[in-house]
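Down below are the structures I want you to see.
Two complexes, one shared chain (subunit A), two partners (subunit B, subunit C).
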Partner chain A sequence: MISRRYFVYVAFLALLAFFAITLHDDGFLSQTNLLNIVRQTTPVTVMAVAVVFVLSAGEIDLSLGAVVALSALVTADVMQDHGAVLGVAAGLGVGMGVGAVNGGLVAVLRLPSFLVTLASMGVVAGLARTITDLRSVAVEDRGFIDIFGSGDVGPVPGLAFWALGAVALGQFGFRHRRFGAHVLAVGDNRAAARATGIRVDRVKFAVLVISGTAAALAGILYTGRVQGASYTLGEQDLLTVIAAVVIGGTRLFGGQGSVIGALVGSLIMGMLTNGLILSGLSSSEQLVAQGLLLLLAITLTARPEGDPI
Partner chain B sequence: MVALQGITLDVGAGEIVALVGDNGAGKSTVVNCVAGVHPPTSGQILVEDEPVRFTGPLDARRLGIDVVFQDLALASAQPVYMNMFLGRELVTGPLRRLDRGAMVVQTQTLLEELDVRIDDPRQAVRELSGGQRQGVAIARAAHWAQRVVVMDEPTAAMGVAETERVEELIRRMRDRGRAILLVSHSLDQVFRLADRVCVLRRGTQVGIRRTRETTGDEVVAMITGLRK
Partner chain C sequence: MTRRFAGAALVVVALALPQLSCESDDTSVKSVTPIRSSKTLGTTHGPNGEPATPTSALDLTPTEIAKVRAGHYTAAFLWHENAQWTTAVSNGARDVFDDLGVDVIAEASANFDAARQKAELETVEARHPSALLTLPVDPVVTASAYKAAARQGMKIVLLSILPQGMKQGPDYVNVVTDDLFQMGKRAADALAAAVGDEGKIAYFFRDANSYVTNQRDQAFLKTITTNYPGIEVVAKQGIADPTKAQEQAAAVVLKNPDLSGAYVTFSEPPGEGVLAALRAAGNDETKLVSLDISDPMALDMAKGGNTTALVVDRAYELGRAMAVSAGYGLLGKKAPAFVVAPAMTITRSELVQGYQASLHRDPPTSVLKALGQ
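Up next, the complex of A and B:
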């Protein structure tokens, strides 16, 4: 019997071992393939770190994928005329802005985040399609591409540093700062948090701003990696990110979360996608596999902590 | 229509005053006013003879008033030591990191002082028994409330043994010089613990009696309106 806390690590090792054996001849364990997994996983990891805060606070952000696309397009578009710095600032600004609107509606008007972000997902996805008339926007700025996507530092992809940076920052904020403790308290027992003087509305607002900003950064990283932006970027990411976070031990209903678990969870999702591609499964079949994994994770997270699996 | 009127109540340091009344009598409203949850629309709250005005629970806490709510206001998935410091976590260093070590040690010391038996302050609250949870909530109030502890039905739905332990905790807090306002449905408990009892009925104060100078029958008569 294993505690739920360690499930993600056992699952990671089991999946790694499974693909290492079954896909040995397809080069699953080759350095190129493993680094590819890291590259593909980074935007998901960045968002997963933020979603740990959101879910731990008992909220949800369904607008993530749409924000990825809009911020990517805004970044690429602004960059064409005004350079990379303004492009990145505009892209991040979009994410922060959407997060602030979501957060404001949830915190001030006390609307449920599920409905608010469901609505904003539609608005933002529509805007992403509208601003470029469904066209993709190419990016040619070499400096931007090196920093945000395709660059390497020695043998290590530059994207890995973004992932590690996001995890380090997230872990510090979540585990070592008052803010993280307040996020958990709000998600665990909102009335208790309020009664002990924690500013519940500020916490709710903050987690949704963090989430929007992280989604924007993920969009920028996608833009750097694929050297362009399109409204389809991030389309499938909501499912992947939530699966990664929940598999990583964060409770879907708040009060419990793990940033390190989310990192391992996103690596599991990356490995799964990669392994399924190498196995010759279509993208539709990969979706089914991801959905089933999320279902398994939710089944486990719904159980009380301390129950052995 | 007002929830409360004509209430004049004082609680001294080292004293337990019980607040009793039927459902809807206004007990919870008094608790919420004193705790800063619902600021009163008129009237005054005095702390050490100084008038104060609360805009929220934080104002009350700053003046040394803490509440043990009926639902305990504990975050059940969080460890005992984090609950003890909820909203007032200790931090250390230039980066203001949470000082978990210090919080664990202080919690352990406080629980031992109050004889609340919990194996490890790092345990999650949901792993504790009802009595232990109550002990944590009371210890938290005892730790932070420098002046007044308000307790709303502290032993509701508890067994005999656990009730005895909680009552002992309440006496210890009184002995430490805290003023205690105790809301209880149990008249036996009121007579075991309180120095005075204030009776409310339909939002008004029926009377205050010293528990040594009254009887259960008289208090019941005041609660039901048979005697004014």
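Up next, the complex of A and C:
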């Protein structure tokens, strides 16, 4: 009997095998295509790692997608006059700032993160539209483009290193530092965590800052990848990120999480989109197939441990 | 072979079909002034100022069609969204590709997300299509991806949007789009007729950097303010989020209860939102004109409601023109740089013909029922 926590890997292999068999003539297994999936999923993976912390602590961050767009635009805009280093710093600063405001409101004023981040999502999305008056900003700094999205190291896309770095850092913090245990304790039982001396408010604040920073990094990676920024970047990523994290074995309501599972969940989401396009289905048919396959994956992976199937 | 050339003839003949004129003979439920064509104050130019060539000028000879068929080419579609308009474009392209023996191997819709469109483009490249028909989501942030696809030898035909820095010939075959100025102008003429050339109107324009909607909106405003001095634009409301048009319209209607008419930048969903706001206010007097077909607005028009005209492009024909342009690219034949499909105005009496001409299908049953058919 396979433990439910391993189902995400089984689902990944099953999906890979399914597309490998059905699309063997359509380039699915080509090196280019498999590396494309890695490239395409990296920003989602980076955010998914952070969302493991957020969900495990029993919180949620709805402002993720909006932060992606704003930090991408700020990075691209600042870079035009002040260079890539300041651009990246400004972009990351935006993410940290939004995360700190979200975290402050949740931790200090004890407001629910759902409502706080719903409100900040609106504010940030509005700012993203305002700062460049709805215009997209092109990026031409070759060094930035190579480092943050479009460069390769040998045959391996540079983005893969960003994904691996985020996962390694996340896994280290989640599994090998006290902070990870505190996050899980807060998500599992807030009162008990507080009784054992865990500073619950500090944990809540920290996970939302991590989330904002990761969204900003995702925005910067998108900027390097598409060589520009627009207010639509990342706006639709929120549900994809949450689906990837939940498929990966993180509980939506806290107390349980998996960083490696989130990486695999993100790859599953990317592989689904990729395979369904290659299959030649129409856009509407792809939506139906994606929904059904996602439901199957969630049925296998997202139920609590011990539940009968 | 006979069937093949019959198909070839169809391609040529269908693109040369005389354009349906829908400007006159309006006999809607409520009698309105017939729509007259006012002075044209501008023209539709390409992104680099190219003059417009009508879709009817595109032509592949039977010999050329046979050559394309012999190439056993493949094609992919990448659209900005998934809607009935893009479905009609796809259908038009598929019908021509059937005749040309071109196999459509992949289709995707980016839902206005530039990063997603880049990912879709990379995915489609894995299947090495010979031709790509596409509407880029953003002229700036999709440019690098399209240039990379062009370098792989894909023949790219663009719908409406030209990614920055791309050159006709090496990078793309041509740009196909609507007659944007005519669409805005026709909307102005239709609304002027609906309000009897006088009164107060509201102008709901697209508040985003969009080549297509900006040109159409500006053509409307220029025509209505210059050619119709009896009409006063009392409210100008930018629509940044098309799904929020109802809330914006409710405020405009509250502030201006005596509106004779309103123009909405496109029908689905902002036109429907403005219509909903008028209904919620119990307003059945304000005449509504919008761009593109929307089934709820068509139904409203069929029932003699606020909607008096929809100005539409010929989505199906756009698709046909794009597929023929792809044929030009595959043959190495020089294509006109900027091709436009004509606009048409649909009033109640031309709803059925309008659906056919634009989307190549009948109106929904509810619309036909309301029309008594």
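Keep in mind that, in the parts below, the second predicted complex is superposed on the first by the 280 of 309 C-alpha atoms of A that agree within 3 Å, B and C clash if a C-alpha of one lies under 4 Å from a C-alpha of the other, contacts with A are read in each partner's own complex, and residues count from 1 in each chain.
Following the convention adopted for this analysis, contacts are C-beta pairs under 8 Å (C-beta built on N, C-alpha and C of every residue); 3 or more make two chains touch, one makes a residue touch a chain.
Note that this is a predicted model, so its numbers are computed, not measured.
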Inset, instruction - Quick one: classify A:N189 as touching subunit B (first), subunit C (second), both or neither. - result: first
Inset, instruction - Figure out whether A:G103 sits in contact with subunit B (first) or subunit C (second), or with both, or with neither. - result: neither
Inset, instruction - Once the structures are superposed on A, label A:A181 by its partner contacts, choosing first (subunit B), second (subunit C), both or neither. - result: first
Inset, instruction - Identify the partner contact of A:G255: answer first if only subunit B is touched, second if only subunit C is, both if each is, neither if none is. - result: first
Inset, instruction - Mind working out whether A:N36 is in touch with subunit B, subunit C, both or neither, as first, second, both or neither? - result: second
Legend entry - Between subunit B and subunit C, more extensive residue contact with subunit A: C
Inset, instruction - Would you check which partner chain A:G197 touches, where first means subunit B only, second means subunit C only, and both and neither mean what they say? - result: first
Inset, instruction - Could you tell me if A:G91 is touching subunit B, subunit C, both of them or neither one (first, second, both, neither)? - result: neither
Legend entry - Footprint of subunit C on subunit A - complex, ascending: 26-28, 30, 32-33, 36, 39-40, 43, 129, 133-138, 150, 222, 225-230, 232-236, 273-274, 277-278, 280-284, 286-287
Legend entry - For the subunit A and subunit B complex, residues of the former touching the latter: 172, 175-178, 180-182, 184-185, 188-189, 191-198, 251, 255-256, 304-306
Legend entry - Residues of subunit B that touch subunit A when the two form their complex: 35, 37, 56-58, 61, 67, 69, 71-78, 82, 86-89, 91, 95-98, 124, 126-127
Inset, instruction - Would you pull the subunit C residues touching subunit A in the complex into a rising list? - result: 79, 82, 86, 90, 104-109, 111-116, 118-120, 122-128, 137-145, 164, 207-209, 240
